[in-house]
């Protein structure tokens, strides 16, 4: 049952197509998506320890088109709500659950979207300040 | 009866002198002797004197059961010169005002009036000697009571009010405008008394113009730009009405050859009246419409609310606007059975509906009261136009009850305004927690305007009953009464909207000169409603009988027995009183639990009262604003067309003269 | 069994609050109102207002936000009243009992009279639960009366 | 339109199903209350590992099983996992109760296990 | 002082089956601003999914939403199957379609009932919910539970449906359709209903795209997008044409759903008719590794799962984006300008599922 | 006079029982229209008794006064009707009760109660003219506003005032808060205002309101019986038919919005009333 005994399996990457963009280019890239009349679907945030991988999913007809932004843990992330207002919920969610510093959200819940008192300020974040990495089962 | 016998010996002329001149004299004393205590004392004494005089008049009329009349010897003085001189002096004053305030409108209208008055003086002025003759029938008695008693109460209330008012404006005792204020007020009361007891139209006209001038002075009392503008508007409108009055005098002089109201009423009138006489009556109606602020002249009364509250109370409840309806009621027998009368009913009914409608959209308490006043005057005028015994009875009852309730409401409003520094009814939300006593008084005042078994409603029911024969007027009355419910209920609701939990609020302290007048009028409003039957049989019925005696062809007594009045009102009162008192007794035992209002489970106490937790876990205080439907009942949307309709109805009155 | 007792047992008005359920139990409560289960035959009305309600039906796990609301609602219900917890989540947190935003079952906030297990419980079970809760409410009321006497 | 529907309803039998005791039973295969057959249990813990709600606790050493019906979501994973047919889902639903309780049983005591 | 009325609408509110608060700013009764306050049902499912192993997760994600539980499980399983490289047997794919469409049917019936109730048409609510009970009976019979049917598993489905049950299902659907004809007729043509729905809560196609609307809300605004077009499960063989309306108001949204009910009835029949006779599941083997997106069409719209696995027993990240989550922004846009009385109608017109939104 | 009072007393005592049964019937029929079994016939009595037995939870004293006056006005109106008194007065006493209830709703600073009260004011505005017009119609026929004079007519009112049977039915639907007129409050809470004007009344106060509703129902049906006073059986059947119409209407329509409701009653309702009144003015010369 050790981790080493696990047979190696090639990772699948089905999130296609994905175009990586830098934080600085994000809003411009999103504006380009808007210019193409793509529908904003959602954003997905992955806490990779030291960095966040944030996917922005857009629907082009029935197909998806994605952007990938990678930011360091403490970095600011510009809001895209000026372009796609619909992103306000997901940005507030990232702010609250992962502790990403999303700035200039159109409707800002100030980190109080879902939760009232925070025992764990950002429960989805893998690294809590002063806490051991969570996620190791029961 | 025997006890009252000596009263009969008092000459009506003496009484008249007391009623008309004593206030003016007291006023002069107030003006001359400028100390706080003298002012308080003199005004109070003036109030007592007036009240006693009015009660004496009532007692005499009650005992003698006939109208009192007397005339000074024609030779005693050059009466015609005096009255003409008085008129001209007033006009001169108005012209001076017009020049000083650069009001072309006032100037023009005053010039026209001057022309008419001069014409009257030069042509028919001496058709009859203008010796002061007094005629006091029940209608006059009712008016004298209203003017003297309620007017005095308001004057007394004005003492602390004006003091606080000037304190607010930062005016010290030395620079106080109060002496002039009370002088004007008292002169006003005297003039009103003069207006309702004079038999000679020229004297009536003179007093009529005095009230116009007094009201101008009172409205512009604060001297702000707005006050000046509104006062000037009141002045030109009322002077315009004066033109109508003067034309009527000219016509009466030329075609009826008398200026005595009683003589006029005994001359061929109604269907038998000649065209010029009818035209004269229409002119009088026009004058009454301006004085009683009927549409399209309602704007002056709305503007008059810039004046200090005692002025509003005085203008609305007991003086000024009541002069107009008094004149119409006085002349009602003259246009009985004419088309003119019907058109009058419709015109009054229209103002009744239209202003009740506009009142729904208002948040300013005084404005609501103003609209309500205009509306009720419209109702009284409609009753006059219906010109049936029951309608007239309703009109007299409305005169009394409206004066009581409206005086009460204005005064209470003034107290509230000084308490919370706002006259917006939205700011009065939850007043019951802050000023429970005033709120209670105010709520009684409002309910007395609105609900059975209070007098206003009983009168309204009688009016509806009397209007069935004129379907259009009836429709207006029904709809108007319904609309009335909307703004009164909303306002009361605002007052009562209390924070849950504050079950026993602390009772506020009221100045004794606030407290006594308020309580007097509250008790009056309730007691008169309770005593609606004695009132009806002892006061209203004689008034209507006297009126009907003048109607040609209406032989015999007046039968006011209607189903409305046949209702066992005592039973109604009893059941309602029990229903109100029983829970109060139950409430003495505290409820088992006191909880906050239902707010979907998120209620919370905030510093500004109850609130709820909302977006981003912030607490937000609950704010509930009444519905005003500005989109539907906004003044801006409707005033213009309504005024046009009202103006065309007035034109219709003149037109109906030709049609008969 | 006095007249009042009969009336109480024949007229339970319910208030439903979803404290964090997946909808399954809520929909089953609503299903109780429909023609097929028609709880009005037992006098049950979904009154939706705590001030009129006799029985509080709670579904779902409780988190801090909903616990506050739940407490408020319960306080606004006039006595005598009863609480019924419906579904595994309301009983213990169910499959979510270890989630970070879950306080646990309803009984961590309110005194629960009857627990209706299941995921989601059938409408029959819910009705049975309400009836049971009325019994408990009556008992408590009688005990209170005896205590007061 | 609605008129015809409601009038038809008025004159037809109501759709309301009778309630207990005449209530109808659930169809075969209904996932109702979870029941254990103590005798066949071998305390392998397969059910406990599969249970998404951690409603079952098996101590393989002490040979005891504890089941919290309040946590159970009646998914049937335990019954599928059980090789012995010890865990079964009843057709009848779990009835409401007024007090919290758990189901617990254990196998024959082993001398090695402290009481 | 009080220039505007500011009131809480929810969380506990009889027209909202689920807790959500709208902070409404009103003038008279016209909404000037509506802000949603959520979090009453937030549990933390995404985090929990990282703690449980991936088979247990099936039961977890089902309980994200009790109305479309099967579709949640389907979406999850599909993603995992892709990561594991599993090929689902055709019969399982067809059964998945059948259960999915039955879910859509019951969800739409549920919604139509609640929607009718939102504008105070109680008897119509009763009609739809009476019909819905037929579907609940089908679930009870075929899957063993009324609500959370737990029929989907990784690699296929947990249960087969017997021929007898399939026949009974077809019978039931016939009755259901007859009842639906009558009730939907009322929903579409009744004067009072139209008065309450036509022109209310209008969402232009442009706005719908920019605000990221999903499902019937999107399609009612004239945008032709339906995740079933991607051909997951057996939708590659059972082609689906998206149902589109153009008015973008509450009425159009109801119409889309009513037409979808008919479409679903047709799909179930076609799926039953073409049901292949193969196994119903393959055993999952190996451990997933990689990232993928799985998309399916829920009754409320497009459901998106993002799965990230690192080859262990547990997922690294499970992201659930539900359709209601996407439809909140359009709601915030639609409410201002409407009357208070229309608030429940407009809120319900997006078919809100708060437990989905908050997870 | 004594006999009159005794009859009124008897009516006042009997009305809640009659009203309760009618209300129960209403609920059973409503349930059956929705294909449900429905509650027992005596359900309203259970509800009222239970509410009386709940603990008192008042937000303020005025609430209690308001419900008590509400009940009193209903009782009084019924008594006045039975005594053959003035219908116009009766209407305004009825309105008094409603206004007091509205003020009771206003008296708590609670969003739903306040909004419900605001709406109830509009409902009141909507139906009040219809009621008054109906009474005016009787005046045109009899020359009097008293109910007693209606008893004296030879021709049933329904024949001379057919449109008013319809408007009375509408008024009944409005006063009973039945769909589509249940904008300010409804029997069930499934509406945007929770229970609207009733939201903040609880326990015994709510019981008093429910009791008053029973009186109100009897009173409203009494009005309709008045339309066929010549034959009481026909009158009662007519009243029940109108009640049935209200129940069916309740079940075949969506709730109106306040604005729409007001516009509807003032256009359609008043048009009907005006047409009938015009016909009465044209045909029946006014007596007196």
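Residue numbering begins at 1 within each chain, and the chains themselves are lettered A, B, C, D, E and F in the order written.
One rule holds for everything that comes next: a residue touches a chain if its C-beta (ideal position, glycine included) is under 8 Å from a C-beta of that chain, and two chains touch if they have at least 3 such contacts.
Every value quoted in this text rests on a predicted model; they were computed, and no experiment measured them.
Engineer: By the touch criterion stated at the start, how many steps lie between chain A and chain D on the shortest route?
Structural biologist: When the steps are counted carefully, the minimum from chain A to chain D is 2.
Engineer: Note the shortest touch-path length, in steps, from chain A to chain F.
Structural biologist: When the steps are counted carefully, the minimum from chain A to chain F is 2.
Engineer: On a CA-centroid basis, which chain has its centre farthest from chain B's?
Structural biologist: Result for the farthest chain: D.
Engineer: Looking at mean CA positions, which chain is nearest the middle of everything shown?
Structural biologist: Chain F is the most central one.
Engineer: Counting only C-beta pairs in contact, which pair of chains has the most of them?
Structural biologist: By number of C-beta pairs in contact, the leading chain pair is B-F.
Engineer: Distance between chain B and chain C based on Cα centroids, please, to the nearest Å.
Structural biologist: 60
Engineer: How many angstrom between the C-alpha centroids of chain D and chain B?
Structural biologist: Each chain reduced to its C-alpha mean, chain B and chain D end up 80 Å apart.
Engineer: Indicate the whole-number Å distance between the mean C-alpha point of chain E and the mean C-alpha point of chain F.
Structural biologist: 43
Engineer: Taking each chain's centre as the mean of its CA atoms, how far is chain B from chain F in angstrom?
Structural biologist: 36
Engineer: In chain C, what residues contact two or more other chains?
Structural biologist: 17, 34-36, 38, 41, 46-51, 63, 65, 68-69, 73, 78-79, 94-95, 98, 100-101, 119, 122
Engineer: Indicate the residues of chain B shared as contacts by at least two other chains.
Structural biologist: 429, 592-593, 595, 598-602, 615-616, 622, 624, 627
Engineer: Touching at least two other chains at once: which residues of chain E meet that condition?
Structural biologist: 5, 7-9, 11-14, 29, 35, 39, 42, 44, 47, 51, 59-60, 63, 121, 123-124, 126-127, 130, 133, 148, 190
Engineer: Output every touching chain pair, sorted by label.
Structural biologist: Inter-chain contacts occur between A-B, A-C, A-E, B-C, B-E, B-F, C-D, C-E, C-F, D-E, D-F, E-F.
Engineer: Which bits of chain D are touching chain C when the two form their complex?
Structural biologist: Spelled out, the residues of chain D in touch with chain C are 14-17, 19-20, 23, 26, 33, 52-54, 68-75, 93-100.
Engineer: Provide the residue numbers of chain B that touch chain E in the complex, in ascending order.
Structural biologist: Residues of chain B touching chain E: 422, 424, 426-427, 429, 599-602, 612, 614-616, 620-625, 627-631.
Engineer: What residues on chain F touch chain B, complex-wise?
Structural biologist: My answer: residues 55-62, 64-65, 67-69, 71-73, 75-76, 80, 83, 85-86, 88-89, 92-93, 95-96, 99, 102-103, 105-115, 117-118, 121-122, 124-125, 128-129, 132-133, 136, 139-140, 144-146, 149, 194, 199-200, 274, 277-278, 281, 286.
Engineer: Note which residues of chain C are touching chain E in the complex, please.
Structural biologist: 15, 17-28, 30-31, 33-36, 46-50, 60-61, 63, 65-66, 69, 73, 94-96, 98-102, 119-120, 122
Engineer: Once bound in the complex, which stretches of chain C touch chain A?
Structural biologist: 63-65, 68, 98, 100-101
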